[in-house]
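Heads up, the next two complexes both have chain A, just with different partners, chain B and then chain C.
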Partner chain A sequence: MLIVEAAHANAGASGQNAGSLHFQIERRFLEQGEAKAAEAAAITGLSRMAVDDWRGLEQALGADLHVHMHGGLMVAETADEVAMLERKAARERAAGLSAELVDGAELRRIAPYLSERVIAANHMADEGHADPRAVTPAFVAAARAAGAVLAERTRVTAIARRAGGFAVTLAGAGAGTVQADQLLIAAGVWSAGVGALANVHLPLFPVALQMNVTERVAPFLPHLIQHVGRRLSMKQAHAGNVLIGGGWPSRMAAGDGRFDLSRRPELLAPSLAGNLAVATAVLPHVGGLNLIRSWTGTTAITADQYPLVGAVPCAPGLFVAAGGSAFTLGPTFARLIAAQMAGGGAAAEAKAALAIAAPARFDHLNSFMGG
Partner chain B sequence: MRIAGTERGAPFTLFVDGEEMAAFAGETIATAMLADGRAAMRRDRSGAPRGLFCNMGTCSECLVTLRGDGGARRVRACLTPAAPGLRVETGPAA
Partner chain C sequence: MIDLAIIGGGPAGQAAAEQAAAAGLSVAVFDEQPRPGGQIARQPPAGFTVPDWLAGRAYAEVRAQLARFEGLGGVAWHGGTAVAGLAAGADGFRLTVVTPDGAERVAARRVLVAAGCYDLPVPLPGWTLPGVMSAGAAQAFVKSQRIVPGGRFVLAGTHPLMLVVAAQIVESGGVVAAVMFDQPLGRCVARALADPLTIVRHAGLFVDAAAARRVLARAGVPVRFGRPLAAVEGSEAVAAARFADGSIMACDRVALCYGFVPQADLPRQAGATVRWQAVAGGWATAHDAWMETDRPGLFVAGETTGVGGAAIALCEGRLAGIGIARSLGRLDDAAAAGLARATRRRHARLSGFARMLAAIADPAEVLARVPPADTILCRCEDVTHAEIDAVLATATAPNAVKLATRCGMGVCQGRMCEGALLRRIAAADGTAPGAAGGFTARFPARLVPIDLLCGLDDVSAEAVAD
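Up next, the complex of A and B:
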């Protein structure tokens, strides 16, 4: 197996995300009405697998990834938000994920650090966080140990479909042409561009976010904190820094009539202020800490917000794994897509597990692409 | 390095880790500490010394603790003016 990386491993979203392990149904699926929320419950099947994958990942990769799974709280400040939590927890329980609504004295006991404004929360015991700076290098080391070759500073410049496979032209440090029976495009926000080289539409929309980190302080926050009604994701990293994000936008560069993914997105002051306002409203202690860094990163979403993971039907042998949630669900995507690509007995099961993310749902976009 | 002939402001005393240290009006805490030969402004997780890197408020390598009657707060030494009687600490954060 050859892994082709345009920059260096972990340079993109894999290393820029803030490392949340979030298994509750995401807020972005809850803010679009009940029908979407009901439909999105299907993604809990992948979340359930991801819990087990993360529990075993340090052992599987033989590395310390600073995996902390001490529970997560999705908090509510208003009666309407509490009602959203109740409906969400019912859906999660029906799908086999154990989320419980906690309030009053029980909530204060679990999370004494929360502001009085927080009146209830959904608690999920398996949530937490891991260190993105450790996870990708550990995967790289494991892949190399298994015989894979990593070509860094190498770009794919052409993909020609051949009978039974592909001829892939590479430029940069690993320049040359390689033959491949199967191709997996897992290039994050750049995946659509790589897909274009194979003459397929991979309908991914780039989105730029920003994240923040405070100075290192003594441990006080064992949980992952999210908010059901406002954008917030917050946790204390292994080193003691508090990471604050939750989907606040930065601004992508643009030029030539399209977004320019080669330039780093620009930090937006209103996002910074808004994110920190939510953080301190929920967790007042954070207000006394120094912010030491804010940074931007780019991910991709699809039209229905579910990831894009699986076989591309119009191009036999071509697979994709992209479309967001890929830190939390990444190890699960990797395991399932590998099983699908390997074929054999486990392939059908893996394909079924990835059904909600299957590229087939967008294959109509490729009906005029001519092979 | 100090440029020859540079005049420092009016002298006063502050405290770094309990020791008296001379500082001069118009200087930041970082400037006064460096002039006194104190490059270590905080400790990393392993206890190793860390100090001023960017000197413009960006890197946060120079975070020190200011101990006051109302408690402690963390400040960037490179942005914080030295003042008479300040109590600066370079040990682990609270």
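Up next, the complex of A and C:
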């Protein structure tokens, strides 16, 4: 097993994200009408597995990942939003995830810090957050202990498909050519570019987000906070800083007819003000804290918003794992894709679990690629 | 939209404002200090009068510039205002400016960052104890209201400015236990004598230093050379200074003075190219002959371009002001060149003195010493040298070390630890400090209360439109 990393482990989105462990159906699936929301309930199967994976992850990796699973609240400020929460909770219950609607005195009891504007919330006991700084290094250590080799500052620059495998050309610190029976592309937002080296289309689109963090303060916020009608995710990290995000865009650099992923996305002022305004509307206490840093990061989404995890049918031996909320779902993707690649008894089950994310749904894009 | 936003009301910013206003530009100057002056001519708060304020000879030019600046029409002064953000837009720049009661976005065709420098932080045991401060901070108290913070001072470092600060403390009624130079006197003299012509040219400054020494001698303050500070001791606060020779000196304030590093967070945020400053470190912003960076329309002057002192800052501010007027078409090339000629000559002459002072104050030996492993390197996040070294075994990219250790993630945005970290990295992988860049400079350059930023809504609507 060779892991090839162009920069250093955790250099990409995995080290820049918000660290939310969100298992409720995401707002991005709810803002596109009922049909999408109904269909998206299928993702809850993966979320259910992810809850169990996260519960056991610190023990499995033998590391402190600052996993806090003390519950999450998706809040509503209007009657329409409350109705959305009710429909969402019904779908989740049908899929075996329990989110309960809380309001009134019960809501104040659970979350006395919320503003009066919040009239109800879906509460899911398993939600929370973990430390993106700690998770990837722990996986690296575990992979090494299991015999994998990590080549950092080493970039994949060419992939030749051969009968029964691949010849992969590497540049940088670990320059050379390696032969591999199977190849997994898990290059985050860069995955489509790596796919091109193997002559396949991987329909992943880069999106640039921005995040904000306050100074460290004494613990006051035990929950993950999201909003059903507005973009918001908020939590108090282990160190005491409050992280504020929720999918507010930053702007990618563009050039040469495409987005330039080598350049740092630019902070957008309206996103900054907008994000902080939603945060203080829901949690007024945050308004009195100092912002110490805003940062931008890039992640990948697909055309239908579901992740892209599984075998690439037109290229035997080639697999991909990218797209979607892959901090929350990443450990589950990893476990399932590994089982699928290892073959044997567990492979079929893993493949079935990943059905919603299977690259096969986009295989028509590769029908003109000439193998 | 204004023609020119200047960040920094020190000599560089003032000189630029004067030139730009003379060319008919609309100018706004922003500074965290309530009144113009910058570090060197920090003014007492309005309503206070301080006898003999900045009486020394070295200050004459700076005082004259300040008087002209305060008499300028057409220049809007925004004191007590921090610039937290700088971003390039379609036809200029947008600044995020913050006062205690509000934040605002300001659009400007041209921006000049003349944000000065700050004291070089040197992590040594006890440097985070209450009572340890930079000499610059000690001087700020003295200069502004002549209030001496605390009782018995020890000044330690390599920079001759210590003499001036110590004398100012004494003259304000404070007690200085000793001024302790890290380097031997012989080295200072040798480096000064290497360029005797420069001494003659800048005799005024040496006269000031000599006057400071006389003040200290009269007050019985010992000035010692070759006495490296090893640690500051105390449990809750400073109780003593311990030196490399084992001697211990009781005190309750320690002012450290090892030199200065450029303040370049805003140019870095805007994406301008910066270079690691030799020896003392820090990022000096690169510029052309008109002080323009490689971000068109963004200019720099003074210590943001590298530490050289007030007189050089003044020259650079003048050049930047002329260059900005030229870039906006208010001066043609010939007129600009004519206006700049004398200033360029003076700048070249002053550079010799700046180099000599840097050679005398050279902190290289201090920075090469490795403090005990449990010494804190990042004071915001309490990261020790040992924790950094453990990570350096596997990762040496500055952002990777930051992510792995939290070094640089705190409220100072890495201002206090970045240099020390980059020197550790360089020692670990045999490169020059800063060779692999530094931390990514992020918004905001100064802490901002969240409530103030939510209020940016209206103006940001305009930002979307353009």
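Simple rule for what comes next: the second predicted complex is superposed on the first by the 371 of 371 C-alpha atoms of A that agree within 3 Å, B and C clash if a C-alpha of one lies under 4 Å from a C-alpha of the other, contacts with A are read in each partner's own complex, and residues count from 1 in each chain.
The rule we apply is simple: contacts are C-beta pairs under 8 Å (C-beta built on N, C-alpha and C of every residue); 3 or more make two chains touch, one makes a residue touch a chain.
In this text, all values refer to a predicted model and were calculated from it rather than measured experimentally.
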Query: Just from the overlay, do chain B and chain C fit on chain A, or is there a clash?
result: clash
- prompt: Looking at the overlay, does A:137 come into contact with chain B only (first), chain C only (second), both, or neither?
  reply: second
Message: Contact-wise, after the overlay, does A:250 reach chain B, chain C, both or neither (first, second, both, neither)?
response: neither
- request: Considering only touches as defined above, state whether A:239 meets chain B (first), chain C (second), both or neither.
  value: both
Field: First, second, both or neither for A:20, with chain B first and chain C second
entry: neither
Which of chain B and chain C A:293 touches, first, second, both or neither: both
Statement: The answer to whether chain B or chain C touches more of chain A is C
Task: Could you say whether A:215 touches chain B, chain C, both of them, or neither, answering first, second, both or neither?
output: both
- prompt: In the superposed arrangement, what residues of chain A touch both chain B and chain C?
  reply: 215-216, 239, 288-290, 292-293
Field: Touching residues on chain A, where the partner in the complex is chain C
entry: 7-8, 10-11, 15, 133, 137, 214-216, 239, 264, 266-267, 269-270, 272-274, 276-277, 279-280, 286-295
- prompt: What does chain A use to touch chain B in their complex?
  reply: 215-218, 239-240, 288-290, 292-293
Message: Which residues of chain B touch chain A once you look at their complex with the stated criterion?
response: 45, 60, 63, 73-76, 93-94
Task: Would you mind writing out the residues of chain C in touch with chain A in their complex?
output: 85, 87, 94, 96, 105, 381, 395, 397, 399-400, 403-404, 406, 409-411, 413, 440, 442-444, 447-451, 453-457, 459-461, 463-464
